[in-house]
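Both complexes shown next keep chain A, but they swap its partner, so chain B is in the first and chain C is in the second.
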Partner chain A sequence: MLSLDGVSKVYQVGTFGGKELHAVSDVSFDVTDGAVVSLIGESGSGKSTIGKMILRLISISAGTILSDGVDISTLQGRALKEYYRNVQGVFQDPFSSYNPIFKADRVFKTIREEFFPQVPGSEWNNRVEGALQVVGLNPAHVLDKFPHQLSGGQLQRFLIARALLLDVRFLVADEIISMLDASTRIDVLNLLADLKSRGLSVLFITHDLSLGYYISERSVILYRGCVMEMGRTEKIYDRPLHPYTQMLMASVPRLDRKWEEAANVMKGQQSDLISGCVYYARCPVAARNGMCSRGRPALVEVEDDHFVACFHAGIGTMATARSSER
Partner chain B sequence: MTEPKKKNEFLYFALRNNKLRIGLTVVFFFLVLTFVGPQFTDYTPYAYVNPMGAQPPSSEHWFGTTMFGQDVFTQFVFGLQATFLVGIVGGGLGTLIGVVVGFVAGYRGGIVDEILSTITNIVLVIPTLAILLIIAAYLEVRGVFTESIFIGCTAWPWTARAVRAQTFSLRSREFVDLARLSGMNTWKIIFQEVAPNMMSYLLLVFILQFGGAILNAATLDFIGLGPMEGISLGMMMQYAVLWGALHLGHWWWFVPPGAAIMAIVGALYVTNVGLDEVFNPKLREM
Partner chain C sequence: MSLQVENLKVYYQTLGGDVKALDGATFSVADGEIMGLAGESGCGKTTLGHSLIRLTPPMRFIEGRVTLDGKELPVWDMEEMNVFRFKKISIIPQYAMNAMNPTRKIGKMTAELLESRRVNAQATWPELKRRLDLVELSHDVLNMYPIELSGGMKQRMVMVLSTLLDPSLLIADEITSALDVSSQKAVVEMLVEFRNQRCCNSVIVITHDISILYQIADSIMIMYAGQLAEKAPTETIIHAPRHPYTQLLISSLPEIGVKHDEKRLSGIPGRPPLLLDPPAGCRFRERCPVAFDACLEPPPFTEVASDHFVACWKEA
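== the complex of A and B ==
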């Protein structure tokens, strides 16, 4: 339904805009109907930027984002509004998503004003209550309250209910549970899984590998705006081929291991290497004077629906295999 | 259910804030005097009513008379009207332009922001008084209203800069993104999402602009570039100085207008501080 083709975002930085910051470079992937795709990366990897570009909140520097075959950067006025009928977002910070001086249910009133002015009040109230019940909230408890009177989990579900009031088919979920308590996290995650079974596509943006595994069919691993590895979630998690993915997997806190053993290659600092692999400075397997510093590896399909951008994909695998044997 | 409670909370602190009470009382006193003052006098500001010339206050002429036998009290109450008109029109216009420029520059960003900020900075560094002097000197007919408009048109830059900065920080909040995702247009977002968050600040801006406009007008009037018809507090002081009231000891001629300007502007600033305390819980004394 939604496909990104060579999407880049470049910011002009420095006093006179002389330097360029590549927040996202040449990212391509598809999200099919009813699929959940995880976009995984550390902070600064450009994952939220991609979400915002899909939502038309920031412009695209290069490449195209197609929604049902239509280039979204061409949408204006009425067409853009129709696009928002189908594509909605939920953001990281539930408290900052609400205007603090108004009641939280104002987000529903806005939707009615902008999209359904012809719907009579009583029917609209029924729709709102229906949507709230779908997301597991009791309308009597949450309507007519200020944002600070509701919990973060309630507010996030409120926003999902808001999206449901529209004929939303694609949801950009930008770190929606990273600021929630562990106890409410699973409710929101299960809600997303539930919505998926109703045919909703979700772009699940996260920095947490385990969440990505829990919910998504496909995953995209980003590092400094570039896709490092992508494909079916099980394939990536069972057999991570890129050294960055391997490092991420190793850094997931485990209950049975002390941190010192797990913590590894976070020593290298980010360099401004333009020509080489973006991961070069931190990569444990990069040949220090070989092709890694000269060329940027292309995304190659190493097996069915499993793409890796690394010259040493094989060596990295062997290294992991050996360490796991020991 | 919390809405009325919140309003009451503001009212609760507003009524108990001494700065606010004092400031508003003084301003209100002069405002009432503007309306009821003319009822207490039978003269017009420039009528020669006392053949004795300059006389100190008496029961007949409450604030005394000028060198030409004009009634100072009459001039004073009519001058107050001009002062409040300048404050409301000049201060209001300065606030309006500043707020609109600030909102648009801060919300749209990019090239729009560059252009508007450049204009703002240029107007900011131009010596306002010099511009007003030139305009006032070239204008054929000058009334209090025209004067207010020129004062308003030169006083807005610092408001624009402050509002722009505030809008910048509010714009990056996610509720603005959410409003855009709801298909709201730019003006709706500015006035329904961003502006309500800085309502208290905008009120303070208006108060400061009000006081500033009064002072600017008094300065212009005092150096003789005030309105050509009518009377204002600044013009009273100009005439007093022109006819040597300082040397001749005619204190009743220049003290009332000077004291009134000082009291009104001072009271507005005190009100401003009081409102700040009411709106910002961290500054509350109690």
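== the complex of A and C ==
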């Protein structure tokens, strides 16, 4: 089990590093064993940053990430190596995840040298072939090839197979579907669903809400580094309570119904409001000059396993919507 | 009839031989029609879009006839096409983010662009400002460099530029793939608004995202491996497709409300054929669940119902 507790990431920006950019602010959620959690947000919402902090590719500015109760930022040496045996990532662009000079199956050789030097060659080959079969690849077709000879879907599955060889328990899947074609992306999603039933936990980072719904039990909606809404996937999708989530749901292109005529959501770009709700500038229900501009709403549980960070959530949303109509 | 394409063939020249990326496309786009063009990567949809406006090497024109508003387009001739480009036929390129000159302010660049086409920039300026209002961009952007604009703003600016001379045909190549869902919605709705306001007559929207086409397109054309598979009104393609490839493609799309443990979707097994030496007959044959003997011959792209064209022996 992995849990994030008040995790923040602050970058120093500007010519002399005088300004602060809050990429992630005070994010807390848990990923239990064998669960798939979707991390959903637009570009710049900090979703990939959270994935990279879990993988320890970048440091944490504040807060802690606990893996089975151990703070991962304290891990060093053997303990860190052991951590990477359990936690791995697969990223968006499968083509740039490989060194084009070497054959693609080098990713398997490197983990054998690093983690399994004692395993005899023949047994290792069996393991590699087994892992490739689990991800739906025919070993004879894909081994001993250069990256440019394989398709994006095959390369992406190679990376998942690599994670399986390590027998990982936690996978950070950062937009792994978005570069794949429609006819193959569903196969990779189904593969994740199968692995979940074998006990793998997945943090599924995506901007595509329908993919998130297909695969995950729980969802976390991020906007500019803050959690807007989180909880059981069905609850969030069926009854979105945060105005941001509602806007996202209304913007998703669907095949079963057409977009409703809605107010244009492009108005009111980002503002530099320091206190107050991060969604203030774009929010249609924000009380101008009211509490929305002064304080940042806390994440509160409005029903069982459904958290919202909005002053107007729940009954309040309806009341404010009506009063703004007047 | 706005655009008519007859048996258009465009190949890519490579050292290994010709790659048959567009192998005999025959279709038409009506006045004011927004036609969606969809398919997997490598199916030739971008090749088709580009060959209508800018056919450069390694692309090679083989044969075919393209007519726009009754006039034949000399698509094979880079020089002669200059008369039509930007004025009669225009494109919003795939990477509109990088389409503008980074060393010029946007207003200056626009003026230079217009002058280069012998159009009076000053006379066009009021219309340019009206179009900026239409896409909800402030007039100040004309005094900015492209780097000062966000991705969605650049996309909208390029949209205004491409349609400034009211082209008869506009090609929108993957204009939404780099945008967030909320900007996506805004951009494609603006595209529809442009058509409604007659800023462009007909539109071809090239995308891999069929659910976006369902929202805005009047008709959808599906391509597979360099050939046309099916063209029909939007509702028909989504709810009653007749080509097996379209059927499998539509049924593999995940939607909100579909969960893996309740309704497991499946992809299409196999891969598209290599277009360097594509198999004879129907190119979908090897992946097709209903293929039979007749599929060894290439199926014709025939009209099976009003405005509904299918290239499949099962339907012919």
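Just so it is clear, the second predicted complex is superposed on the first by the 305 of 326 C-alpha atoms of A that agree within 3 Å, B and C clash if a C-alpha of one lies under 4 Å from a C-alpha of the other, contacts with A are read in each partner's own complex, and residues count from 1 in each chain.
Keep in mind that, in the parts below, a contact is a pair of C-beta atoms (placed from the backbone, for glycine too) under 8 Å apart; a residue touches a chain by one contact, two chains touch by 3 or more.
Keep in mind that this is a model prediction, so the values were computed, not measured.
In this superposed model built on chain A, chain B and chain C occupy separate space and fit side by side. Contacts of A:L80 after superposition: chain B is touched, whereas chain C is not reached. When both complexes are overlaid on chain A, the residue A:V252 reaches chain C alone and has no touch with chain B.
Seen from the CA centre of chain A, chain B and chain C lie at an angle of 80° in the overlaid model, rounded to the nearest 10. Judged by the touch definition given at the top, the superposed model places A:Y98 against chain B, while chain C stays out of reach. Contact with chain C, but none with chain B, is seen for A:D181 once the two complexes are overlaid on the shared chain. Taking every C-alpha atom of chain B against every C-alpha atom of chain C, the smallest gap after superposition is 12 Å.
No residue of chain A lies in contact with both chain B in one complex and chain C in the other.
Within the complex formed with chain A, the chain C residues making contact are 40-41, 136, 150-152, 180-186, 189, 208-212, 214-215, 238, 248-250, 252-261, 264-268, 271.
For chain A in complex with chain C, the residues that touch the partner chain are 42-43, 151, 181-187, 189-190, 193, 207, 209-211, 213-215, 233, 237, 247-249, 251-256, 258-259, 264-267, 269. Of all residues in chain B, only 1-2, 173-175, 177-184, 193, 196-197 touch chain A in the complex they form. Residues 52, 55-57, 80-81, 84, 88-89, 91-93, 96-102, 107, 110-111, 114-115, 144, 146, 149, 159 of chain A are the ones touching chain B in the complex.
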